[in-house]
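Look for subunit A in each of the two complexes below; its partner is subunit B in the first and subunit C in the second.
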Partner chain A sequence: MAGLINAAAVEKPEDYRNIFVYLENRNGELQRPALEMIGVGKRLAEKVHEKLYCVLIGSKVSEMADEAASYGCDVILGAESPDLAEFRTMPYARLVEDFVKREKPNIFLIPATRNGRDLASRIAVSCQAGVTADCTEIDIEEDTRILSANRPTYGESMLAEILCKKHRPQMATARAGIFPVPEKVDGSKCERRIEKVKVDKALLKKEILEFRKKEAIDLTAAKVVVSGGLGLGAPAAFKLVEKLANEMNGVVGASRPTADLGWISRDHQVGQTGQTVRPRLYVACGISGKIQHIMGMKNSENVLSINIDQNAEIFKYSDYVIVDDVNKVLPALTEEIKKYKKAHVKKTVKSSS
Partner chain B sequence: MPYQIIVLIKQMPDLELVKPDPSTGVPNVKSVPLRFETLSKHAAEAAVRLKEKYGGKVTGICLGTETAGQAMKEAFAMGVDEGVVITGYQGNNPRFTAGVLAEKIKTIPHDVVLMGNQSADSYTGMLPGMLSAMLGEPLLGNALSVELSDGSAEVLRVMEDRNEKIRGKLPAVISVTQEINEPRLPPVMQILAAGKKPMKMEKAQPGNSFSVVRSNKAPKSERKKQIYEDPSKGIPEVVKAIREAIR
Partner chain C sequence: MKKVPLDIIVMVKQVPDSQEVVIDPVTMNLNRSLTRNVTNRADENALEVALSLRDKAGGTVTVISMGPPQAETTMYECMARGADRAILVSDRFFGGADTYPTGLTLASTISKIGKFDVVVAGEESSDSSTGHVGPGVAEFLNIDQITYCSHVDYKDRHVIAERELEDGTEVVKTPTPVLVTVLLNSNFPRRQTLRRKIDAMKKGFEVWNLEKLGLPPEWVGVRGSPTIVRRMRSIKEKERAAKKFDLSNLGNLVSELYEKNILKLEED
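And then the complex of A and B:
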């Protein structure tokens, strides 16, 4: 085991080439984090003139390969079996490990989702690679092809830039929801190497007895997120949050304690243990701005916060701040937006007539 | 049936006190007191509840600093029976941490290894999978509840879009979510008794790191920070300012 701690560096890092990304999917559908990884991978590959390889394991891999290809990638390495429709730790890890050992990528990016973390941690062990976890900025140095992986530490107060100089592949997991989904590209060509595989049942160490889909709402794709915190004072005030969100075609988010108290369901929670969002506008209503919440919304394009405390921590992370009682501000703000939209519609009608 | 349970205990700095040094921008982590990390506290609670339900013994293992005995004593007060404190923690370096812990865990007969699914200060989420791989034991991850029976564990686990009930053979690694329980506040008698529980002190062999930290600084904040103290003026201005974003 000591060998694992002091694992030998690879002798010739230059033998390791190209960018690998893992495409998270479920039941034959690519998940959003998969598309985010294609976006990041493409940028890195272009920068160092290497190829982007997408690793795709599941059922219906050919269909998913079509979709992946439409975002632009060079090679799809696939393994397909009906037994792989759901993420299964051991067979998935084995297959990915085989791809890595065979193709020797310089870089391997995996989304920091629950399954992605499971996979990445195992590949790091079996392939003797370093992994920088939960990155929010990812880049590559052109001359050295060294991955610059940036991860927040100590509750977002710091950003650590981490390099892995001696081990290959250089692995990173990327926080889901942080990176944009790339544009589709017309007529992109890619090479497909998809194998049908048989899953050795002995590898299945866990049984899935049953699962229940959550009425999960996906906040990560929303353009506007309006979140409520304890400052709302009572569960009923989430109605005001919802009205504002609806007026802006947005979705409702929440701080953790409001979910703990059952004011709203857990799937609305934003933050370290909830979802990570990067909308064009994030509105924080009665939220203090504790680091664990900030983690989930820091990359929003614009942040508006409403808080009664003129020294609230959230103001450090805000573009616009209204200092007052949320219960007063929310209805007034909703009205003002209604008014603005009406005036705006009228104007465009006039100018086009 | 009694179970041998291992729980992994972590220390973390009080995040409220971590600030960048004004001249270098580097965090003052070294001078901030360390406390019992949140998620491992939930894991300790889960471990003690399993012991209370099925019988058995809970052993805490902490890879930490010279002050880690304090966190271990808190775990003792909660009901953990004995502990091993290994000094030589190398900061947020999951491969190293997993290697040291796996080596130790292999020397202690066990049915279950409990731990947090991601720590509250470094949240890499890498440790459960690495330990599972190094120990060759299945990982039942992100548990919201745990039940043991007939040499296997049944876990309700929380995924992004679903909850799953899964079963795996023991010995197994189980990582817990924050929602699994509310850690107890130990009564005074237990706190006093905690000092008498057996605690072994050991040292980790320093290991190479796979990676180097090139910089660690406070991120630049580029927020506009326009503050409106009079909402009747502020609201119309804000709406104007955000109009692009909500189109």
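And then the complex of A and C:
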């Protein structure tokens, strides 16, 4: 517990060693952002010849530990109790804080998911640490062991490099979908320190009454994403988007306001507050290209945009553009693809016979 | 049952209007003199949550903000929407604060106000966009938190809220005192009324400085911040050709997409 105290610098930063990563899990399953963190942590640990520790809190930690170990970490610190089945800030924050204070890591990485940020922001205060939120590039300086935490700023137009020189641990949360999931390795050498803990009842006052799961739509792995924006004009036009997406073997994405208006479910949203995609082809239909949207799709290999405004901002980020009404272009484009497929599938059948 | 009125505190920040940020090409810093300031939009949603809780339970809504003197427009605006009281925590010592001293300063302000049941913050600010300040304040105050709420209700000394997570909606119930953070666009903020605008101008808002909070100057602002910005780089975007097509030659576009393997007849 912090109380109203300042972030005091530590006297001997050299006493703080090793890399911690927090492994987010939901209902006993490791999440992809957790695996991405292992990848980043491993890279840093190798660079400064230190160990990678994974912190796991939950009700079925042992099973998840096997999986975590198979992605290559040196030590698993686990706290296990039936009371920890679901993420709740208070008990999770206390347990993670205990691990940090006992083990004194130099670096602590947490995925910038909603629960990850919920947790990281409290640990940073209780451990009097410095934290950089939502990093997209993370590195460590070999000689000083200072973390270089880089995050987009000013609406993604700039990248700020942020350092924390005198406080420990050096914390960062990392944006999901940016860092690769590491290759699997032999996890048998990983040391497991899993404790059965008793959780103070005072920390368990938050009741989780209900969880309404939604069919998760993972846009991040899609090869083709076709997204609709306000330029569609009406919710029904998402049908046209869907038809094109189906014809392209892709999935449907959306800009934020279309989700806000309920034209489509939030799970399809691309952008700063939605998903980050990097498909082979991104098709933007009636999307203006505001920076918060661009952040979520600018790493696409190819971008095709359809917009009625010949000066649309999105064109700056596009390889191909069609200046016309989406309601005309979408059916026409879908038809052209059908035609092309028909012609070419026939050809391949002929030549192979 | 006796109605228990709620004392609610809302944390609001004034931010540069995100639609028109102007970056100084030499220093790579925000050119504040060319940028219009507005109330952080998610904080307007936070204020609306507070006002609707007060509609229901009775009580008070106090708005607090740490920022420079020009944040007065935000203070008046919040009062014109219905806040009972507004406190601008302002002092040159607070400048350059990262999330730690910002949380410390706001938590200290809340302690000084004394009585509260619910603290409401926005999900994140559009300029720092960390989402860390709200939970940081909760940690300083040692109270529970409910982040990323799309809906917040109150009953019998408990907040019942819906949290939006990546894979679904979580409905939670937490006894007060508690801090909640509210999602952008999760409600429609009520309008400012002329009547309340006039009242606000008459009543005015309070300005608290460092001395009032009684914090050591080295605990706040840039001196109290664990992190520093070493440098800024502009993000170089890949140059893209924006090759033009129209309804008459969509066939050519489709052929090109397949020939370049951007679209494939069969996924491998």
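By definition in this document, the second predicted complex is superposed on the first by the 288 of 353 C-alpha atoms of A that agree within 3 Å, B and C clash if a C-alpha of one lies under 4 Å from a C-alpha of the other, contacts with A are read in each partner's own complex, and residues count from 1 in each chain.
Assume a contact is a pair of C-beta atoms (placed from the backbone, for glycine too) under 8 Å apart; a residue touches a chain by one contact, two chains touch by 3 or more.
Bear in mind that the values here come from a model prediction, so they are computed numbers and not experimental data.
**Q** I'd like to know which partner A:113 touches here: subunit B for first, subunit C for second, both or neither.
**A** Both partners.
**Q** Once the shared chain is lined up, is A:301 touching subunit B (first), subunit C (second), both, or neither of them?
**A** Both partners, subunit B and subunit C.
**Q** If you stack the two complexes on chain A, which partner ends up touching A:211: first (subunit B), second (subunit C), both, or neither?
**A** Both subunit B and subunit C are touched by A:211.
**Q** In the overlay, answer first, second, both or neither for which of subunit B and subunit C A:129 touches.
**A** A:129 sits against subunit B and subunit C alike.
**Q** On the A-aligned overlay, A:345 touches which partner chain: subunit B = first, subunit C = second, or both, or neither?
**A** second
**Q** On subunit A, what residues does subunit B touch that subunit C touches as well?
**A** On subunit A, the overlap between the subunit B and subunit C contacts is residues 1-2, 4-7, 26, 89, 93, 113-115, 117-118, 120-122, 124-126, 129-134, 148, 152-167, 205-214, 216, 223-224, 248-249, 266, 272-273, 280-281, 301-304, 315-324, 328-329, 332-333, 336-337, 340, 344.
**Q** Applying the document's contact rule, which stretches of subunit A touch subunit C when the two form their complex?
**A** Touching subunit C: residues 1-7, 9, 26, 89-90, 93, 113-115, 117-118, 120-122, 124-126, 128-134, 148, 152-167, 205-214, 216, 223-224, 248-249, 260, 266, 272-273, 280-281, 298, 301-304, 315-324, 328-329, 332-333, 336-337, 339-341, 344-345, 348 of subunit A.
**Q** Under the stated contact criterion, what part of subunit B meets subunit A in this complex?
**A** Residues in contact with subunit A: 13, 15, 18-20, 26-27, 29, 92, 94-96, 98-100, 102-103, 106, 120-130, 132-134, 138-142, 154, 159-169, 177-179, 205, 207-219, 221, 223-229, 231-232, 234-236, 238-246.
**Q** Using the touch rule from the top, collect the residues of subunit C that touch subunit A in their complex.
**A** Within the complex, subunit C touches subunit A at residues 18, 21, 23, 28, 30, 98-101, 103-104, 107-108, 111, 127-136, 138-140, 142, 144-148, 160, 163-175, 184-185, 215-216, 218-219, 224-235, 237-238, 240-247, 250-251, 253-255, 257-258, 262-265, 267.
**Q** Given the complex with subunit B, which residues does subunit A contribute to the contact?
**A** Against subunit B, the touching part of subunit A is residues 1-2, 4-7, 26, 89, 93, 112-115, 117-122, 124-126, 129-134, 148, 152-167, 173, 205-214, 216, 223-224, 248-250, 266, 272-273, 280-281, 291-292, 301-304, 310, 315-324, 328-329, 332-333, 336-337, 340, 344.
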